[in-house]
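Letters A, B and C mark the chains in the order given here, with residues in each chain numbered from 1 onward.
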Amino acid sequence: MRVAPIPRLIVTRLALSVLSLFVVSLIVFSAVELLPGDTAERILGREATKESLAALRTQLRLSDPAPERYARWLGGIVQGDFGRSLVADRPVFSYIAGYLGRTLLLGGLALLIHIPLSIGLGLLAAARPDGASDLALSAAVLIGMSIPEFVVGIFLIMLLANDLQLFPPLALIDQAKSFGDVIHMLALPVITLNFAMTAYVVRQTRNSMIEVLKSDYVRMASLRGLSPLRVLFVHALPNALSPAINAIALNASWLVGGIVVVEVVFNYPGLGRLLVESIRFHDVPMIQGAALALSAAYIAVNLVADIATLLLNPKLRTRTA
Amino acid sequence: MTAAAHDLMTVASLTVDYRQQGQWHSVIRDLSLAVRRGEILGLAGESGCGKSTLASVLLGERRGERRLRAGSVQFDGIDLSTLRARELRRLRGVRLALVPQNGGASLTPTLRIGSLFAETLRAHRPHMNKAELAAEARRQLSQVGLPDPTGALARFPHQFSGGQQQRIALALALCRMPDLLILDEPTTGQDAMTRRGIIDLLIRLRLSSRMSMLYVSHDLATLSEICDRIAIMHAGEIVEIGQMEDVLLRPRHPYTRALVASIPRLEAPPDPALLPASRRTPERITA
Amino acid sequence: MTDLSVLLESRPRPAGRRFALQRLPVSAKVAGLVLLAYAAVAMLAPAIAPYPPNEIFVGSPFEPPSAAFLLGTDSLGRDVLSRTIYGSRTILLMGGAAAGLSASIGGLLGMFIGYRGGVLDEVAMRMLEIIMSIPSIIFALLIVGSLGASAPLVAVTVGLLSVPNVARVVRAATQSVASEDFITAARARGETSLSIVLRELLPNVTGTLIVEFSIRTGYSILFIGGLGFLGFGAQPPTADWGLMVNEGRGTIDASIWPVAAPAAGMAMLVTAVNLFTDGVNRLFGPAEQGGVR
């Protein structure tokens, strides 16, 4: 009974994640099957002769039944072989890695700002629990929820990049020469992403902190003579955090979707934009690779968020299930 | 002996208000009371009369929705309301401790029992090492009759029963051996054997260390076993205070008389026929 | 079951439901009026739009707002006001269709698995969980990208993607009703599952369905707007707000109006939907429903 069954819970979630990935791969594979034409036509283009098409089809074994081709494709992916890009004529894998890295950089940076910023603001707001801040927060949540991120991004570009010239309008990160450049370029996309995420977490943190500060255990902690800092950070904060973590987890998974649009707005060479572009060019292996990688990132983010929630809640942590 | 010398805690003409919907309401009115050194003073009164409020005011707790409108609270000659937060903190836990009414809710859910003890012990004695902290915590936990004290240190509050949580709260309050221990209904939720154990422990402690106690309860039977004196509280005021026997045998105030009359004379198991229908053995309902 | 009176029991009709709209918070009422105004503009678009939305060079490109072009013109000299007015049609139709689709399919599915329970429920829930663990935007991009973007396809895709979310909520609401006496009574009367779901359960989860429909409307509008912006929604020359923002953003230095007008229309619409959602949620949300019943 004393052994926390947490590893088992984590294994269950992990298994579910793998299953989800598997389903994603099925969907990705079947979706591109719906594209007009077949791979041979896409590779050789319009001018291809019948003979060369037939030859390539046999070579690629395109006449095999779909399940067989799926199995072969999945087998390749497991070994890191995502095929060759039709447009760039290079292995997809080498592309994906760089684009994934840049997407993670943008997303990670956005979260890095988001977590302390929103929790900090929430704590500040909890220090003054009056009606006015509540109303302001609710309004901010509503606005953050209601304005699409591409609108926010474009207006930020107009205001901060074009008028005030504070930041570059496009995040052409390949041209960055120093870490400072990177930060400077990513500022606007990061602000855009935070625009939608912040207010909700601030409100959750504030409300739960106000509740927790009134709780018996926080009162007793200071009545036992503990220092105010200890009461705040050891007794109150961890218990107030769980709704905030849930909200952040929701935001993190929203982020994976929101980032697609934001990458396009700022011409940022990440996975989202890569996916959008490859769909436009019908670059099947690239579509498959980018969609899989992005989905994997999403599933991983959810997994991490689940586990974080689990670890922070001792009731779940010690549940004998 | 002057009054100050043999009184450890003196409450003089205390009036306490709570704010509700922007209005201040008095909950304690012009209340005076003294806890003498080495005594166990009982405090009885109906639910909602202000006992828990008084208990937390005695620890100098300051809260936004509450104010001390008049009077003073002095602990060992020190006026608590004039103390600075830091000085107040040095009293709490060390010389002045509270066992709260709702023991379970007073334990931080995210911390293991071991950490709760460690931080409480360390707050005023920073130099204890891990082994000493654990040993002391184990000693306190076995003193209040908690089974498997060693294992308990690694567990979280929610893994204990309500009665066990209450005893952990008691052990936490005891671990610095305070001069004044305020107990707010410490035996609610305990079975008869455990209650006996707790009461014996408190009596032993009083004998061995001359710890003073203010024992809050509405159970006169328990109070009569353990207290030297008893104060009866009613609607925010002390209506009667005196030696245990005097108050119980010759109650003067009408409220005290009603209270004494309601002590159950013997603890016979209730007649099943008198139980509400829901608690009787269900008869099989046939279709 | 000896008591026959239970068989006669009919489903409860919570008092005050009929006057629900009057009990909405003021903010939600205002939002409701704004939504009505949007609907009116969308319906009357041909009557109120000063120009045909897709006619090019009704003015010269990038004209600033004037009496002739209240919101100026875009890069092709089209009237921004007319396009924005027609754009409300596109988004309301697509968003409404998507939300209606997810609420009806998700609602039926949720009621059905919530009512039947057992293995069916277990399996269905796991499947819904897996579908929800895949990012919708990727799903939508793949489907719309493969089949070719068009307004109906986008609406259907976005609607289907929200089915699991609705189904989960409705299932929970159904489970809390399914054990009540009037359901037992209906079953004892020998009603079929389908009839119980439609005649006994549906009236009792209407509140939940309204809330879900409202939530999904706001979500779908944002989603469809985003797809339109990415070029995977309605196709040119349709007057679609997401598309208009995308078309205008490259020339924002020349004129801000082609971007600002659809953006503002979108922001105000979603704000109104969300305020309205908040209001109906307070009326019919899980907490309140428990209280009414």
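The working rule: a contact is a pair of C-beta atoms (placed from the backbone, for glycine too) under 8 Å apart; a residue touches a chain by one contact, two chains touch by 3 or more.
Please read these numbers as outputs of a predicted model, since none were measured by experiment.
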Centre-most chain, if every chain is reduced to its averaged C-alpha atoms = A
Centroid comparison with subunit A (C-alpha atoms), farthest chain = B
Calculate how many whole Å lie between the centre of subunit A and the centre of subunit B, each centre taken as the average of the chain's C-alpha atoms.
-> 51
Whole-angstrom distance, CA centroid of subunit B to CA centroid of subunit C, is 56
Averaging only over C-alpha atoms, locate the centres of subunit A and subunit C and give their separation in whole Å.
-> 24
Touch list for subunit C against partner subunit A, complex = 129-131, 133-139, 141-143, 145-147, 218, 222, 225-226, 229-232, 242, 245-246, 249, 252-253, 256, 259, 263, 266-267, 270-271, 273-275, 278
Contact residues on subunit A for subunit B in the complex?
-> 1-2, 215-228, 230, 234-235, 238-239, 312, 314-315, 317-318
If you look only at subunit B, which of its residues touch subunit A in the complex?
-> 56, 59, 61, 85, 89-94, 97-98, 100, 102, 105-111, 119-120, 123-124, 151, 154-156, 158-159, 169, 172-173
Residues of subunit A touching subunit C in the complex | 16-17, 19-20, 23-24, 27-28, 31-35, 142-143, 145-151, 154-155, 157-158, 162, 253, 256-257, 260-261, 264-265, 275-276, 279-280, 287, 291, 294-295, 298-299, 302
